[in-house]
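What follows is a set of notes on a single structure, which appears directly below.
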């Protein structure tokens, strides 16, 4: 195995090691300085390796599937993993002052770091796994770390949010597990590629697929399973909110995409893909409308996540089922994946910026942003740039993503989805202007001063989400590596 | 799977346990009762898993489901432990062991 | 024909006890029925021939989960929590319909299964002699799918961090749980002094035979955790502070050792590879490390978050 | 019916009787302490009788030894459990007695 071939396993080993050390000793600064450059280097190595040599597959312990567990990384997994690396890097840097344990170990200062590094490891484990049961363990790992982070503030409201999340998450994981059990009972393997090769018209496979979908949809907070998300994401400390909203739903969505586009594409009937599309559309509209009505900054951003996750599910009617073989499917599929990446970058930036605003103002009512353009111009600019992506305005990554989905919707004659995408953009503009417009008001002076460097860190994420739109040709090509139905369309 | 072999009996028993657990999960509001229901569903899934792995008595039970069930039991215990701690802490703060049923944030946010 | 009749009867009793655990009005009674339910499931597992799972079910499913739930109810009853009204008959009927349809759909899925599906039994048997152990379940857990087990041991750790982080800020640095008091010459204390050597022996034995016979790190660790908890409840020993370095080293030691062995493999070419010549010894080392860490973690999980200010 | 089988039937039936008596006591007795009394006395005796009853049926002496060991462990375990339960049910001022 070459050194490049080692990158995937070390992308799991390094954050786990950091998490172990973080349990023992409260020295986050040393861990961040040690782990982050390594993770960046490993991510570059993984992306280069996939770019040059195509999808990677690694049999852990030397045991091939079906006996052992195989890791796999194509363009999609590598892209999600790289996004995770970028977002997590910025988050841990922003989190250092708040959880730095500078005056001796505190409860939150200790607990945050093992949880953050374990979450990082769990995300990478999900993106790299090629085995249904291993994905179950990795997703549980992720869920339990997330639960602990949601409850970290220790207030009644945040603990209640964690319990509500737990109810959905526990139900979701049992449904997923039961689906996996039925698939194993029918086919005697848990490996994604081996399952893809098996013929699956039997009742156990179909019921299993339905259960897996329901379980993952609950974990991704797809409408109508969304009720847990806003209190959980808004109640956590800002760096945790950023991880939760930007990255965690993407993990279960990623597994759902793997399942329906790699393992069982033939089972995606027209009724099923339309149903998922309707739920996605409902999420876009309902999430946006509720976001407009929120009076608290972090709640508004959290409801925006409900809406933005809805777009991801339009990939099913636009690129799944009967659309899979059509020329527009590549555009729709890539658009949805770019939406996931662009949203991760923009939402990470927005929650981190919101955290700084709350810290400066001392509260999280919407009025906290009054006069931001004068008092914290860098943060105001961060809000503006990430809003551009969330609204889908050019030249952002969100624009390219929604443009690709829009053109596919028109090409396939599914005008309803096009209307939903356009309406969603308008509604996003409506709720985001509630944040952006008051930044130009005159207001009382902020209570705390936030340094320029801490403000600039979220800005880099927002700027990356714009860059994703400007340089979208390479990401588009990269996402196609290892995609089952090779790209037939491209960027116009 | 049909017939009266040990594996078939316990596979369908697992399906029944899943149903019982789901009912408890939906009807009960007390978090500890919900955790019991969660564990009943979980053990139903495991029983079904193990029983489908025992379809050929002369081969013995498939060791892969056995190992995965042990892993699953530990994961379920871990989840239970965290939710128990959340519930106890919540009760310390609010004197409640149930979630409020209204969703205040859907009415315009507080 | 005593086999099917016994199995059928056992299945019906399991279902009846499950109903009692979910439907009963009394919370404490429900937990007791849940523990009975777990013990009956252990019998069902032995009927299926899955003795490793039976041990795990009895120790983890019935024992520790039951202990966690009993402990939680005891703490909640001291707080006199508000109890909500049960849902109306209409809502209950709807829930029953939902639950019954899910069970029916799952049963329908079972009818479609090939009655002779053998799974991976033969695949495991074919590679068993290269795994280093004779118990196929241990071979899957520690070698063929060791990566799952590594992640699972870390799941316990993440939950321990989560549980500890629920402490009040002023209790940070205190010991987990509440202080226990018992008369040092009482019956409980006497038993609690007599049992640990036996429990220790059984726990270590269960881990040790795991390579060739049913047993293993998780089952053995649960027994060890129970022994320590008994001593703690009898007031013979007290939980250490959550900030103590040695406790933290013990809870990460097993997973860290497992990861380190896997990393050595990765540097030599294959992540988590156990060379057949050394596999048995490596598995024993990993199991020993995991047992210590898991036993400590499980015991600390049962005690819960710190509720005492540091001394 | 052989003598060994008769022995087994008699002793296991006697054991079952104590289990049933214990279960009835569990249901009928009013408070935790008398319930514990009924349960532990009856079950320990019942289990012991069943262990004695199945003795003639075992194939190897070591199995018989294991059965006795199980009984002994069950005795100790139920004693400890009863202590813990009684302590949790006792009014606070009696607590030092545990």
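In order of appearance the chains are A, B, C and D, and numbering begins at 1 in each one.
The rule is simple: a contact is a pair of C-beta atoms (placed from the backbone, for glycine too) under 8 Å apart; a residue touches a chain by one contact, two chains touch by 3 or more.
Since the model is a prediction, treat every value here as computed from it, not as a measurement.
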Report task. Taking each chain's centre as the mean of its C-alpha atoms, give the chain farthest from chain A. Result -> D
Query raised in the report: Once you find the CA centre of chain B and the CA centre of chain D, what distance in Å lies between them?
Result: 31
Report task. Measure off the straight-line distance from the CA centroid of chain A to the CA centroid of chain B, and report it in whole Å. Result -> 27
Report summary line: Whole-Å distance, C-alpha centre of chain B to that of chain C, is 14
Report summary line: Between the Cα centroids of chain A and chain D the separation in whole angstrom comes to 56
Report summary line: Residue ranges of chain C touching at least 2 other chains are 106, 110-111, 113-114, 117-120, 124, 145, 148, 152, 155, 158-159, 162, 166
Report summary line: Check: chain A positions touching at least 2 other chains come out as 133, 137, 140, 144, 147-148, 151, 154, 159, 178, 184-185
Report task. Could you list the positions in chain D whose residues touch two or more of the other chains? Result -> none
**Report entry** Chain pairs in mutual contact under the definition given at the outset
**Finding:** A-B, A-C, B-C, C-D
Query - chain A residues within the chain B interface of the complex - result: 133, 136-137, 140, 143-144, 147-148, 151, 154-156, 159-160, 162-164, 166-167, 170-171, 173-174, 177-178, 181, 184-185, 227, 230-231, 290, 293-296, 299-300
Query raised in the report: For the complex, which residues does chain C have touching chain B?
Result: 3-4, 7-8, 11, 14-15, 18-19, 21-23, 27, 30-31, 34, 37-38, 41, 44-45, 47-50, 52-53, 56-57, 60-61, 64-65, 68-69, 71-73, 75-76, 79-84, 86-87, 91-92, 95-96, 98-100, 102-104, 106-107, 110-111, 113-122, 124, 136-137, 139-141, 145, 148-149, 152, 155-156, 158-159, 162-163, 166, 216, 218, 298, 301-302, 304-305
Report task. Under the touch definition given earlier, write down the residues of chain B that touch chain C in their complex. Result -> 1-7, 9-13, 15-24, 26-30, 32-33, 35-37, 39-40, 43, 46-48, 50-57, 59-71, 73-82, 84-89, 91-92, 95-98
Query raised in the report: Along chain A, where are the residues that touch chain C in the complex?
Result: 1, 6, 9-10, 13, 16-17, 19-20, 23-25, 58-63, 66-69, 105-108, 110-111, 114-115, 118, 121, 125, 133-134, 137-138, 140-141, 144-145, 147-148, 151-152, 154, 159, 178, 182, 184-186, 188-189, 202-204, 206-208
Report summary line: As the complex stands, chain C meets chain D at residues 74, 181-183, 186-188, 191-192, 194-195, 198, 230, 233
